[in-house]
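I have placed the structure first, in the form of structure tokens, so that the comments after it can refer back to it.
Just so it is clear, A, B, C and D label the chains in written order, and each chain counts residues from 1 on its own.
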């Protein structure tokens, strides 16, 4: 157990673990699960946004949305690469996604029903994602931490763009546009604060992840931080958050919020959210429809690797 | 406010609309791949190409609006015209098809655009020359990327080859429109704005032949079919593209986005 | 003029919109078969069913507009609302799918509508009762026609059976929404306008079981999934349906058709 | 040759031929070709109109369009039945359509690009079709003549509806709508007058068909009648027909018209019109996609025809 002791010592000292270093199996598995889940979230997350590219209302907004989706595909790529350093291939991870064994962020199982959903996803969903991800920039596994630094920088940019898109509509738009923004916020608020996961007392994997420096801050703590920050931003926007119980708690130095409907959360995680079947179906279809392309690329590479026959 | 705008028919404006609209509608089609590509790298490549095309379209439509002199900005031109006032090539309207169809179309279009931007870089209009200087680099990359795929798919499995041959056959029907000359081309050429597109044909065929040759593919025969999107008479696909693309601008009059 | 209209949220109006919108959006989907059906007789049958549904929708939307009292006619209601103000069942938004999907959906919807029209025929609103008297005959025919196909396809080849089972599995997810009760139903029921839809459930299941039984098919298990179109929160398909359906009204403000 | 003489005598006397009567092979073949081509035209003709059903601008117009398409499918059905009395099955005729051996009216190879195309097709295309078809109500082959009587009645109704739809826009619509109507008329005028076929001196099959009482009036004569009638209707509508050479010829007692571009006509007939490939492709796809449905219906009928096994 000398290896494990040395590993624990590294962790305790706040050192980073590199791919070549020894690590416990469970640490490796936990990381593969978390990183691939994060990668899958980027990939599946392209779908609800992709739904509005052809309908974006101006060319500037269309360009911003395309750039964002491109960034997300890029994040997926870094993250799959980071996970691959742990010995699992991208195809294996995708297989787990397509067969339903691997999860992705449940937030992407909600539909994008109006253009304002694009700004709202940027503001709330990316906002919550960043809150979750910034601590991972200090994650004990170095390749993951390095990927997250770059990702968080881009996500912050996306969040600001989303907020700005909403602000433009709220400050300069028509009444119909303002109502569209409020409607989007009403639909995305609760799913967004569920993104931090179940309450700490019901989060079984958290303790070990904390111990290993994979997770740094608890679900409830992150959620509180997010809510506090968002309430101030909502005031700037001029939208109402759909929770009448939000009020400042002097003692906790945080806002109190209303009861979260965890039965909805578990229903969506369990596969019965509004778009679970569509999202996974779209990914599986893209993969299956693309099989001949991947086969052809391999066949071509093999062909070109062979010595060419001489011309007659 | 969101009723359709009327566009000036002066040749130089029309010449620019052909370029700006072709980039725009092509971007619409390519962007349908975002999230649905055969491999993640192609999700990135397709999104990126769509983004470049949107950027080119914005620049050219803005310039068209300035030359038109009626105060139309890029978004009014992009979103508030009637179908018959769009001047894109019909080829870019066709549904995205499978990946073979997409890469063959991309190779054809990027080759055309690269040759066009090269010439527009010498335009008498300094603004257009500057736009072209940036765009030609993007088009070169698009051409390379698409050509690589045409070669890869053309010279690989039977299935891929059949698909790419079918795509080539279908798309080749729309090639004559690319190089049909008319008064608009003549006017643009006379004013030193840009080339007659027919003058790009020989070089285009040469470059396409090189790509097809490396892919071990035959150039299809020419047919008597003629598409006419460049003159504003589009395929039946166009109406659906516009209904979707214009919807928000139409449904939220006076909106600020 | 073609900006969206705001619709009154009084329960009776909402109750009628659920009916009128369900007929309308279902007709949109069914009409996609015109010219594309597996046999000519079904081109006729599908066009006819779409036509009946449009007729029902017109009658009910007109009545909804009258009861609302804001001067909205059938076309303003059909074409100028925002997505969230449509109250159709989500099931009818789903893409048309293959012929198996279409006939299973038609059987489910026609069975529901037949039972609903039967009850609406006793409505305290004489106008609605009269509409229902005509509509119930149409719905009976729709049910018979669709049920015949479910039986025919269910008890035939392996391929057809697989397709119909898949369709049944996918569509069954959207069944709970049909019978979910809420304040709108309660208000309509209390006013004698029409039944709570939940009161139709037992009979609906009985009739569906009879159809499935004859087709030698199993009724799928219930899932926890819940669709919510009846409350105005639709699937992502709805936006595309509306962009297409509303386009002309949006793009030609003040038009007379 | 007694049979042939008797047949000729019937024809000369203006009598009708019934399915059970003896007829020359060439007469039979000519009729199958013409009736099936007419049936195919009804079926293919559903496509350009079907293209606008989901986009019709009002519910009333949507209903009218659906009813019209339904009628056309019905016409297809009568016509296939009439042709079947001559000993060729519907499947054989469809096979000829799908493989490109059989023709359909070339007019349906033009795209429907605006809503005004719906009214214009009713007015001009159905108008020209009626002009062609009314004489066939007196065709020597009785089952065809009977089908045509019913079809012509419905076609007239369609033509009036098309005209009325255009008139509504021209009289009560906006400037943009009026321009839409004029644009549609500009696109459909020339193809419509080509519907009467090539000039008489280039119409090889006409003489024999005239002799047999299958065709009653020549192409050019029908075209002249159509143009004369349409010019008056265009005045009522307030649209301009896109031919500057249209002018009254006192001597002929007909309007003269400009030169028809017969090279375009032959190009479209030959398969290279704007939509030939789409139209045929759509029909073939519908047929192929529906193969499993037709197979299943046959299998089911066979199953139910067998005695059922006793319940255990």
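Rule of thumb we're sticking to: a residue touches a chain if its C-beta (ideal position, glycine included) is under 8 Å from a C-beta of that chain, and two chains touch if they have at least 3 such contacts.
Nothing here was measured: the structure is a model prediction, and the numbers come from that model.
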Third chains touching both chain B and chain A: C
Chain pair, A-C or C-D, that carries the greater number of C-beta contacts: C-D
Interchain centroid distance [CA atoms averaged], chain A/chain D, Å: 57
Centroid distance [mean C-alpha coordinates] between chain D and chain C, Å: 34
Chain B and chain C: spacing of chain centres that average the CA atoms, whole Å: 41
Chain B, residues touching no fewer than two other chains: 3-4, 82, 239, 243-244, 247, 252-253
Interface hub residues of chain D, defined as touching at least two other chains: 55, 176, 180
Category of the chain touch graph - line, ring, star, complete, other: other
Touching pairs among all chains present in the structure: A-B, A-C, B-C, B-D, C-D
Chain A residues within the chain B interface of the complex: 43, 46-47, 50, 53-63, 66-67, 69-70, 73-74, 76-77, 80, 90, 115, 165, 168-169, 172-174, 176-177, 180, 282, 285-287, 289-297, 299-300, 303-304
Partner chain C, residues of chain B touching it in the complex: 2-4, 82, 239-240, 242-244, 246-247, 250-253
Chain C - residues contacting chain D, complex: 24, 27-28, 31-32, 34-41, 43-44, 47-48, 50-51, 54-55, 57-58, 61, 74-75, 78-79, 98-99, 151-153, 155-157, 159-160, 163, 241, 244-245, 247-249, 252-257
Touching residues (chain side chain B, partner chain D) in the complex: 3-4, 82-84, 173, 223-228, 233-236, 238-239, 243
Residue ranges of chain D touching chain B (in the complex, touch as defined): 48, 51, 55, 111-114, 176, 180, 183, 187, 267, 270, 272-278
